[in-house]
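The letters A, B, C and D name the chains in turn, as written, and every chain counts its residues from 1.
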């Protein structure tokens, strides 16, 4: 057996031990400690080794990536996700509105985008209800309605059993027409949404007693970033209606929205990272939400560790390169 | 004639497709939609060619005992089985003799290939294949729990078709895709070395973008993290936009030139001779 | 007269279905209110055929109500109404009945749920036998066809037998709207060409019941155009570029010496083929996931032709796994031609180009396996690549092959640059075939490309200057030139 | 076969069977076909691990997954093509009796003899298999190549090319001059500060300009021209690096998805 194989064998044994720990003892702390030690210890060892300009076998890199992704899934390792200004702005806006304000949350995404966007949509919905705002849920995407219903019935509403449909929140569902819908609801909701999803006429819903159009809303958050998405909400509702709009979008779309911040967008949540930062602030502000589901924060554990691993290997690669060059020169 | 007609066809349809773009009238749209449908339909006919090629290459590998030749039986059986699922349907709840049929049909396939590949023992293989073929026919005739369904367009609702899709195609597909996470790391390690100016720029840009995660900075977070995330956004918005534009304009010209060469018959290497 | 009778009898026969129309009945537009609440109407309404389209659409323009943004500031939106003959309103309900009859006469018919729409139609026809149903079906089919043909006549009968229906809305402040129908005759949005339409725009306040209609504009007809002026810029470009190409190609044919700068990636191709020959290992040529309808794939075909010719001359082994069967068929032609051109038709085998599968990662799995088992000396990736680019290139690097890539898929270029030895970026892929062939004709077209690029650079510079000067100084002509390049879709 | 190989294979088989039995036991009561379900989940997990084993090196398990994948996917795509394109789109346009046979609804526009043309062209394509008259198959290929070359020619020109040129017309001088204070006040890269906007616009302009110079083929890259081309390739490289770094996150997410499948759906650890 070669040297590489031996290392790999040892590493594999280490991984099996991790899984065994997870299986046998429900000791999260130990598992976390063990796996972090494994990753960082290994990286330091490789760093030292790189000074002798010894290349690392690609399979060892693979192993590090695997452990960096798997360990935080087994033993949820969360890092402090101090919110950046763009996320903080959204959180502060929801936080600073007086209880009883009306907030509209639009779920403009499809199942493909859902893994990235749904966590933040859930977090903001939770925050709004927690704060006592009245929430109007809607969707500009046909596929968004199902995801909206799923979020409401599976995640959000069970946490707030005291909230009543029509008084504390309402789901007006999806209407076809993309920007056309926005064009209409900026001046009149009822025109586009005669009823909510349960076919209750809007006139009979308490929330809509003093809400005629988007102009009467206190805050709008659009989740998605496709077309139509946050940009359309800004251009067709936020700007003409004078309402504050924030965006929660997939990571790839976020850079395209930055030119609108802070003039036209209150803030932007980009990808899982945005969701994680929001969840972090939420947990910090409301200690009683300690046990809430935080898919964003959970996803960030593997992401952060894997990024650390990749960056470390880039550094190691460069050390090897420069040491190797010096060696060559020396000869 | 063998060479001219294809070139004329290419030029004719190519020019039509270019000019229809400038003609919004309904009649031009009408022809346009027809042509699009036609290409799709011809493409479906070509599938038969593809399958034939797959079959031939697999058998060829078995015949010449190429590396990993034995696995080609698996390819052929997988192909056959999945197609079988796509064209059969259950009539009721019971499976009946569905699976025995499937097994014997696959055996017929394997034995026939064996017979065509092996010099010796051809009679034995053919004989066995014949036996299983008879078994298949018997099952088709007497088993009514399932049937070949050329009578509905519901072929893709078949339970086993879905099961294979969910439990074979999806897991392998998703896992192959996720291998990228490993390869992106090994590629970064191997290639991101400050060898020259170009490589250094590549490396620095990648590092800045990857460093937009917070936990790296500890107590320095409030000072560095926002800068990193803003810089990475700026990189994605500004230089990225410029580079994309330069590439797209270049690619646009390349595409136009290539298409023109093809349509005007200047480039005809792809149309063959002889 | 005949038309009216037809409409009447049809409306009667489908009486029960008409109930479905209730939901779409036009809102009342003249309500008696305190007239001081009413906003001022829009003025100078004009409607005209939408330009540069295939017909079936009308554009409206007006001047905003004086109460929009000024005056009483009461206008919240505008609603556009079109006069619609009853015949047009009736067609969808005929279709519902026809759909019902089709279902009823087919084998998959089952009793409808009580209270559903199908059930209300069913109650009318429940007692008929099959022959009668078939006959009804045929009559109805013919009637619908006739009704669609009669639509222009029905529109011409304005204002008899019709009503106003809302067809579009526009937010306050807007001065234009479009009434877009489709050309599909069986769609509910069908808008017939060459029919007389009449329009009216209502100024609506926040209370949707308070509204003021404008004067009626009409008749106006829609029709298709034969040239899209919005695409003039593209047309001019195509013409100029076509001319440049032909000019330089004929120039090259006459024997002009054309210089092109060397491209490292392309020179590597020759060396790589030689290397493969020395090592006695095959060359793997991957055309990516493009279908035959992508120009990148066509460019890849031309490069494959050159590579295959060189390979045939060196008598090295070539492998071309194909992702799609049309691509496979064309690639087979290409390789065959190349072997003939190289004077080695006997070396050509049909299996040089072979089909794998049309599922992205299944294809990658197979090609990866091929790389590790056949250990090609050189991997060439040319064409359209997506997420699989890095999977292929990394595996190739592991197998120790020299790798040359070229793609115009911007998102994948970084991965090829990182994992391959040489990468052709974007346009270089399209230039490669001319380089490899070294035929003066093809170099001529490269020259045309460069001229066009120079023109683009000058255009960008000029446009920049105009855009920077023109905007501040109200130079209308400068803006006009900039606008020329804004393409209408 | 080497001893190690046999031991590993035996271990895999034992583990597979154990997992099957355990999973089937876990599914019992929840699902009707618990034995089949247990098998399918175990098999999916096996295939996942088999593909991942490719990271170590080529091995029989990867070969198994690969070959199975190729066969099944080719058939999958063929069945889809047959039922969705041929049966649903082509058949109802060709003949009533065929449509009745497949029980697909007739098209509203009725039969259309124009659709016999692609069928004939398709059959001509199949003639490639013949050595003698295989050359006829070039006609349908020429048809496809011609149509699509023209189509894409225009598609790119429209959506990419000319639009990209026109959107490069950006203000370079800071259109609304708000005084020197405002010009320098906001250095925030993501904001709309005047200086940043102007610098960004210059970068865009220079990037496009130098990028195009880099792609210029018929002149040697020397002197000023060479400098321009070098700036061009630098900007390209920065972009490529940045988009590489940006992609990492998405790829890690995919791996998270797969490992979650292994840990949650198969091993039930989390």
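Keep this in mind: contacts are C-beta pairs under 8 Å (C-beta built on N, C-alpha and C of every residue); 3 or more make two chains touch, one makes a residue touch a chain.
Nothing here was measured: the structure is a model prediction, and the numbers come from that model.
Asks: Central chain, going by Cα centroids?
Replies: Answer by centroid distance: D.
Asks: So, comparing C-alpha centroids, which chain is the farthest one from subunit D?
Replies: With centres defined by C-alpha atoms, farthest from subunit D sits A.
Asks: Just give me the whole-number Å value for how far the CA centre of subunit B lies from that of subunit C.
Replies: 23
Asks: If you average the CA atoms of subunit A and of subunit B, how many Å lie between those two points?
Replies: Computed value for the inter-centroid distance: 32 Å.
Asks: Measuring centre to centre with CA averages, how many angstrom lie between subunit C and subunit D?
Replies: Centre-to-centre distance between subunit C and subunit D: 19 Å.
Asks: Approximately how many whole Å separate the CA-defined centres of subunit B and subunit D?
Replies: Distance between chain centres, rounded to whole Å: 9 Å.
Asks: Considering subunit B alone, which of its residues make contact with at least two other chains?
Replies: 18, 21, 39, 42-43, 46-51, 54, 68, 169, 172-173, 176-177, 179-182, 184, 186, 188, 190, 192, 202-203, 206-207, 210, 232-233, 236-237, 244, 247-251, 253, 255-256, 258-260, 262, 270-272, 274
Asks: Give the residues of subunit A that touch two or more other chains, as numbers and ranges in rising order.
Replies: Residues 58, 62, 65-66, 69, 258-259, 273, 303, 306-307, 310 of subunit A touch two or more partner chains.
Asks: In subunit C, which residues are in touch with two or more of the other chains?
Replies: 231, 234, 238, 293, 295, 298, 326, 329-330, 333, 356-359, 361-362, 365, 369, 373, 413-415, 417-418, 425-427, 431, 446, 449, 453, 456
Asks: Building nodes from the protein chains and edges from chain pairs that touch, which of line, ring, star, complete or other describes the result?
Replies: complete
Asks: Given the complex with subunit B, which residues does subunit C contribute to the contact?
Replies: 52-55, 183, 193, 224-228, 231, 234-235, 238, 241-242, 245-246, 249, 291, 293, 295-296, 298-299, 301-302, 305-306, 322, 324-326, 328-330, 333-334, 336-338, 340-341, 345, 350-351, 354-362, 364-365, 369, 373-374, 387, 390-391, 393-394, 397, 408, 410, 413-415, 417-419, 425-427, 429-431, 433, 437, 441-442, 445-446, 448-449, 452-453, 456
Asks: Which residues, counting only subunit D, touch subunit B once they are in their complex?
Replies: 36, 40-41, 43-45, 47-48, 51-52, 54-55, 63-90, 101-104, 114-115, 117-119, 121-123, 125-126, 128-129, 135, 138-154, 156-158, 160-161, 164-165, 167-168, 188-190, 200, 203-208, 210-212, 214-215, 232-248, 251-252, 254-255, 257-258, 261
Asks: Would you tell me which residues of subunit A are touching subunit C in their complex?
Replies: The contact residues of subunit A facing subunit C are 58, 180, 183-184, 186-188, 190-191, 212-213, 236, 240.
Asks: In their complex, what parts of subunit D are in touch with subunit C?
Replies: My answer: residues 51, 54, 57-58, 62-63, 65-66, 69-70, 73-74, 76-77, 103, 105, 108, 125, 128, 137-138, 141, 144-145, 147-149, 151-154, 156-158, 162-163, 165-166, 168-173, 175, 205, 208-209, 212-213, 215-221, 236-237, 240-241, 243-244, 247.
Asks: Would you pull the subunit C residues touching subunit A in the complex into a rising list?
Replies: That would be residues 76-77, 169-173, 206, 208, 398 of subunit C.
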